[in-house]
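Read through the structures below before going on.
The two complexes that follow have chain A in common; it is paired with chain B in the first and with chain C in the second.
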Partner chain A sequence: MALTKEFYRALEDIVGPRNVSDDPAVTENYRCITAQSSAHSGPYETRTPKPQAVVLPGCTEEVQQIVKLCNKYKVGFKAATTFWAAMGYIGNDNSIQLDMIRMDQVEVDAKNMIATCEPFAIGATVQVEAMKNGLNCNIAGVGCSSSTLAGSAGWVGFGPSSISMGIASENLLGVEWVLPDGEIVRTGTLGSDGEWFCGEGPGPSPRAIFRGWTGTAGSMGVCTKIAIRLHPWPGPKWIPTRGAAPMYRADGLDMVRAYTVCFPTWDAYAEGFRLFYEADVCYLAHRQFNMFGRDIKTAMVEILTHPEKQFRDLPEVMEDPYIKAQNDEMKIDVQVVVAGLTERDLDYKEKAFDAILAQIGAHKSEYYLQPDIEDFVKLYLLRLARKNYNYTLCSSYEGNFGLSPNVFVAAPLMEEASALKREWEQTHTGVAAVGGDSDMGSASGIGGGGTTGWEFFVHFDGFDRDSITDSCAFIDRTQEWMIGKGLGADMGRWNADARKPDGYDYSQEEHDALYAGLPQPALAIYPWKIREAFNPNHLTGTYMKTMTPPEVKAAQKAKKTQKK
Partner chain B sequence: MAKKTLYDMKPVKGYEKKLEDFFPMERRCSNCLGCKFVPFEKIKSNRFGRNCPSVWYYNFNTYSARGRFQLGQNIIEDGYVKFEGQALDAIFNCQACGACDVACKVTRFNLEPLAHNIALKERAVEKGLAPVELKAMAKQLERQKSMLPDAKKADRANWAKGLKLKDVSGKETAEYVFFPGCQYAYDPILQKKAQTYVKVLQKAGVDLGYLGNADMCCGGRAKQTGFRKEFEAEAQANAAAWKKADVTKIVTPCADCYHAIKRQYALLGIEVEVVHAVELIADLVKAKKLKFKKNIDLMVTYHDPCHLGRLGEPFEAWNGTEKKILNQIHTWEPARPRYAGTFGVYDAPREILEAIPGVRLVEMERIRENSWCCGAGGGCSVFSPEFSDAVASERVTEAQATGAEAIVTACPWCEINLTGIESDNGTFMEVVDIIDLVAKAL
Partner chain C sequence: MATKDSLVAMLGKANVIDDPKVLASYAESHSFDLHFAPWFVVKPKNAEQVEEIVKWANKTKTPLVPVSSTGVKLRGDSVPSVPEAVTVDLSGMKKILNVNRQQRMVVVEPGVTYDQLNAELAKKNMVIPGSLKPKKGQSVVTDVIEAVPRLNPMIQWNFFDPLRCVEVTWGDGTRMFTGEALAGPRDLKTQWSRQQWQVQYMGPWITDYYRLITQAQGSMGIVTWASLKAAVKPQVHQLYLAEADDLTELESFVYKAMWTRFPDEIFILNRAQAANIMGKDAGEIMQLKEVLPPWIVAVGVAGRELIPEVRFEARSKDLIDIAQTNGLDLKEGVANLSGRALYQEITKEDTGGTYWKDVYMGSHQNVFFLTQLEKTPVFLKAVREIAQDLGYPTEDIGVYIQPKHLGSSYHMEFTFPYDPNSAAAEARVLDLSEAVSVAAADLGGYFSRPYGKWAGIQLNKDAQSLMVLKKLQGIFDPNDVMNPGKLAV
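Our next item is the complex of A and B:
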């Protein structure tokens, strides 16, 4: 369904001719190849629909005009920033894609410790601007290449820094949002005179309406600016680095220490997380390098910190007696950064941290105490620049299991989940054989010591059809296991009811059928009412999980009968 | 003296790579955003955080390395897109500066965005779909052995008039052959700088010769723009001339020539020792054969030319295959060179500047392997001048932010493209060839 010339010309009038294109070279590039991405779903060739045009708005007013135009012509639209996963792409043929790349500004208000960010301000750029002012921001676990706005306004945003700074959505203060009908809403700081700020004023939370469940499910138009809370940074105006490319390391961060903690048991691990949170001793805490896999993680760090080494050296490095012994010690581990605003503060935190380790029988990994390795880890965790290592082994990965966010619920299940994955690795060749346990995630959110991010990484080859098929089958298997354990859906299937396997949105009728058996239908009916109020033309996708209320359905049926 | 092993036209494995050979890479790109930014841990500000001029200027994803991977897949593998319209625009509006390549290789071991971008250009050129300005450039190369529009082969050696240079195309021999490259050979202003290079090197006792009229274009720019056959013809002709003249060592003041001879000729199987003039001068300064006596009171910033810096790494021949271990982990057997910008020429020009009394070097945010391109690469200054100028302006703006009074560089293409360009605030900056500072300080 091609756009009318009138519509296209109107788009050009809004953003200028060079910022809109319907050339296939552009529009075909805004289709997510789902099998290749971490939104790992569907068969090899599945792509999301082709947008009728791609538009690059430069400011909120342009976004508003585009949205109003879409409403006038009943053309769907979806905005995205980094285009990393399928959720940012349009879901039906009669739609346009907004790429927010031109809106990339960050402004820091050092006095009030806030930053306002446009959509294409990524974690790295927000952080560097914050650090110039002695401040820092939470970077979601997905890494600093992700949009701070999308992570904060549209997702949960766990990350290494969440233990001291909170998760992304907790740091969200004000929001500027172009609603699906083109109205602009501003909340929090952006809605006040700037004298004081908070997430919302009194009354019902509009943020929940915009965000929906974990944000992306909101599908409520286009978020164009946010304000986030910043946090103290006990370091220089930028992170100094040393080392030959690409083996960069942090340099001279005297008030920051990085450790890898080895726990004797999963019980000790859970207790350690609780105590880290309660004692307020960690600046960052993340089970990070285990994402490579329990058997290979230390060898991988060894390879990644030596420019002359490559993956072909992996078996040999794994067999190195020292590396093997170190790796064996840290089966159950977490990477931690301890930082002090003053020497006294750092001294206290170090002592408290050591006392916790003694209490639970944990210890610091000797391997990670080597200055060069410690500085690599500092830079890794502070900037979260290397989250692309998710892909380095095989080119693709999928987040899997997504065990309970409560560490005391999930920890006792870790070995069973690991065994399930290890067995799959041994009997199937589609996923990398890295030792079963490839769990990673943040140690805590500031909202509670038990809040923990969990995710197993399943590494597969996005070029290899068998690898894609096999990894999909593994996720189906873990889905069964998760349901059997009463833990809910597998992480790899969280969005299964938001977008169909063919890459298209569900129709309302299909969603109605899917949710017909819900034990609590109000969970889908209430969002339907919100959607109808804010998005009357249904122009922004079906990530918002809605079910037509029975009375409306009956009325629709009666109307149809009457027509006949 | 290294034993010479000249041109035998046995390309090393990988040289003949066709666009179809990139299918695995196209599918294995993970859309991580790495190719749009300076490696994330090296970003110092939002203002100067981007690395790819093409997607920075055009904004559509198609103009990024990731976008070109998907474009390649769309054109060749799936047939969704044809070589026309904005596809050609995105393919050719790439400076081939390699910033995406280096950023990608920070985390990935099996992707080659730059080689893929050039393969796209080559396929378009094969189909006769290059921009007309580039076609004219290639024609000029064929006729006059230079891509510069007004160059005439007969005038090639004019730059050397009055110099006491040995002509090694005859009976004379020299340890080093000075290979000026087209810009230094033909541009009236740059000709004087080429002469200065020669005089400085001779003053330090370097046994220097040149090829007289047998000298010609290196062909590097032809390679960058997708004119592979034309590049090969130049390489073959140069190698033949060097062989005839018994050339073993080449010194060039041009970053493009340096890269072409060091990396691209090596892929063709042509082995000859090449150094950039700044490497030689830095060594001469260290050996005290060049002594700076005069004070130059100047605060400068140094612009790393792409082809001297991140693309100037030593060539390593590789003949191997992909192998998976632990089910799905990609490896290469034997180990494959990674070219992550680690071993480019960064220190030599800085050592020279730091040795000149009175010169204070202040660094820009994007330096060394993460340097921002001057905008001239990939033929963009010829067929896409607005884009090229915008990229240059971005660099001048970044240089001004350091507080420096002048930009120093070691590449004629960069020098030309940055000169006379307005920064964001509408002002200009002096652009200095490093040899002028060297000569002034002696």
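Our next item is the complex of A and C:
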């Protein structure tokens, strides 16, 4: 369904001819494989639909005009910036893609610890600006090369720093948003006084329709600017690094310590987390390097931090007795960064940290106490800049299991989940054999602790049909296991009800059928009503999960009967 | 009388009240806004009855006004703004449904009060993060849902902490849980058996349902339980105080302290408000005003279960140093006010006699809004000027400034005591509070909790947010049965 010339010309009028294209060489690049999008659909030739045009707006007013134009011509649209996964891409043929790359400003109000960010202010940029002012920002697990705004308004947004800095939803202050019908809403103080410091109210918070546990994944219009809460940073205004990639050394991080904690049991792990939450000692806490897999993680870190070693050396490094012994010691582990805002603060936190370890019988990994390795971990977790490592083993991965956010539920199940994966690794060839347990993720999915944000990395070859198919089958298997344990949706299936395996949007009838068995149907019925109120032309895809209310269905049925 | 019969059939005779004296007591409040006595007061015992009442109200188009606290009504939000309303009194729903030390979570019904909850939490060495000297009979759930500022903003990663999940019956009669609790069966016991403790408040999908009942004055639905995040009870604690002659002298210290996050509690009082808190009668308040410094910043430091003394000592020394660097002397007391005594007063419910802000003159009016710390002196100056113009004694104005949400915003509250037996005094304080409200709004004060006339002032500033709000009210309360007249422009 090609766009009319009139529509295309109108787009050109809004953003200028240089900032709109329907050239297939351009539009083809705005398609996404659906094999890594929390829907793990595959096979790899399945891609999201090709947009009719790609538009690069330069300001909020241009976005508003584009959205109004789309409503006039009933053309779908979706905005994205750093395009992490399928969530940012359109879901039907009669749509255009907004690429927000031209809107990239970030400003820091140091005194009030607030940053205002446009869509293409990526985590790294925001962090650099924040650090100049003794501040830092929560960088979501997606990494520092992704849009801060997208993590805050579009998706989940927790990461290593969330234990002390909260998650994206919690840090979100004022928001500027172009609604699906083209109206602009500015939340809280922004709407009334042009100030960014509070995004709630007046009265019941309108932001309730934009940001729940996830953001809207582009399904409620276009977020054009946000303010976020910043957090204290006790390090230098910038982090001087030296050495050769990828093994940089860091200078000036005297108030920051990085440790890997080795736990004797999963019970101790859960109890350790509880104490970390209560004692307020962690600046960052993430089970990071286990993403490579239990059997190979230490060897991988050894290679990544060695100037001459390559991945082909992996088998040899794994056989190194020291590496093997260290690896065995940290089967159950977590990386923690402790940061002192003063000398006394650091001293207290170190003592508290040691007291927790003593209480649960855990200890610090000797391997990770080596200065070079400690620097590597500090830089890795503080900046979260090494997302390429996620892809190192096989070119692609998908988050899997998810287990329970309650660490006391998830931890006792970890060995069973690991065994399930290990068995698959040994009996199939499509999923990388890394030792079963490849669980990783945030020690806290909520500010101050209380829930965890875990996933098992399923490493697969994103360019191999059999590998994708096999990893899909594995996730089907783990989903069965999850349901059997009463744990809900596997993370690899979170978005399975948002976009169909062919990359297209669901119909309302399909969504109605999917949600018919919800224990509390209001969960999907109210979003239907919200969509009808704010997105009457249904132009923004089906990540907004909706179910037709029974009274509307009955009316529709009666109307049909009447017609007959 | 069909209405009464219907209510009695739902709730039993004893729980449907139409005694005029009792009805009149539900209309008493400190608010000057137009209000009415309710038609009936009903006292449901559980969520099922609440749901039934809301469905009945939709059928009969009867306005409902929820109230969960007992005692003096301070803001008028739980007093009907329209005639022939039914007040739904939830103060009898006083069950503490669950206390979980491992998760530091508690689930409570709306009638649970601070003293009741803290007595229960103390058995497990916990405490609920509180607001400044809550009135006797204050519902914890209402206090939290209405975003009354907490004394400890450092554990507010989210604006509405410690609120987590709720059970709500929306204005359309739909009853549901919110947050993680909405993803499971609508049965707490089943969720607990699965070790789901209503910790995670968001969503659980895109829509953040619980945010729709916050700051709503009961205009969206009725909450029948809420889960709240408790804190570990301090083993060692000191509320340190520092004095200043001028509010601006406190700014750099408070900003720096907020950056460190070392304080537990942190807030600012002027001498009048400190005297109001501590004074047992008008005479004592006057005496205190003679000796207290013009401004006091209070900073709490705690040590809890893990190496409490080490934490306490480190935090105390650091904060004292930071204060010194910023020209303040942070110590255990100022003048004859000890930090410990102040802490004791502000962390427990009021006595149940005359409300503490009324002790000095017999009654009071409050004006409060959100702003940023650096702007507070501008508001202070404006308020003093207005008071002077109207002949109100500026030395009687109480000021309380409370950081919220890790210091993202600051609650600024002005208290104007007055003699309710003097028509002239009452008229003057009415003029004063209205003029201050308008001036504060003009200066950028944000009435995030828009009670009474503030609704018109605030909502008229932003047509788009109002449009969103109206659409949401149309979805969740299509027949406008929930506390109509509130949040009105």
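What we mean here is this: the second predicted complex is superposed on the first by the 531 of 564 C-alpha atoms of A that agree within 3 Å, B and C clash if a C-alpha of one lies under 4 Å from a C-alpha of the other, contacts with A are read in each partner's own complex, and residues count from 1 in each chain.
In this section, a contact is a pair of C-beta atoms (placed from the backbone, for glycine too) under 8 Å apart; a residue touches a chain by one contact, two chains touch by 3 or more.
Because the structure is predicted, anything quoted here is derived from the model rather than measured.
Visitor: Could you look at A:Gly453 and tell me whether it touches chain B, chain C, both or neither (first, second, both, neither)?
Guide: neither
Visitor: Regarding the shared-chain residue A:Met544, is it in contact with chain B (first), chain C (second), both, or neither?
Guide: second
Visitor: With both complexes superposed on chain A, which partner does A:Ala25 reach: first (chain B), second (chain C), both or neither?
Guide: The answer is first: A:Ala25 touches chain B but not chain C.
Visitor: Where does A:Ser404 make contact in the superposed view: on chain B (first), on chain C (second), on both, or on neither?
Guide: So A:Ser404 only meets chain C here.
Visitor: Looking at A:Arg312, would you say it contacts chain B, chain C, both, or neither? Reply first, second, both or neither.
Guide: The first partner, chain B, only.
Visitor: Tell me, which parts of chain A touch chain B in their complex?
Guide: Listed in rising order, the residues of chain A that touch chain B are 18-19, 21, 23-26, 28-30, 33, 36-38, 54, 56, 82-84, 99, 101-102, 104-106, 121-122, 124-126, 128-129, 132, 143-145, 238-239, 241, 244-246, 248, 296, 307, 310-315, 379, 383, 385-386, 388-396, 425, 429-434, 459-464, 467.
Visitor: Using the touch definition from the top, list the residues of chain B that touch chain A in their complex.
Guide: The touching residues are 23-24, 27-34, 37, 39-46, 49, 55, 58-62, 67, 70-71, 73-74, 80-82, 85-87, 89-90, 102, 105-110, 323-336, 338, 340-343, 368-370.
Visitor: Tell me, which parts of chain C touch chain A in their complex?
Guide: My answer: residues 102-104, 147, 155, 157-161, 174, 176-177, 179-180, 182-186, 194-197, 199-200, 202-217, 219-220, 229, 232, 255, 258-262, 304-307, 310-311, 314-315, 317-318, 370, 372-374, 405-409, 444, 446-450, 455, 458-459, 461-462, 464-465, 467-469, 471-472, 474-476, 487.
Visitor: Which residues of chain A touch chain C once you look at their complex with the stated criterion?
Guide: 111-114, 134, 166-167, 169-170, 173, 183-189, 191-193, 195, 197-217, 219-220, 229, 231-232, 274-275, 278-279, 341-342, 344-345, 347-348, 351-352, 355-356, 404-406, 408-409, 445-448, 450-451, 486, 488, 519-520, 522-527, 529-530, 533-534, 543-545
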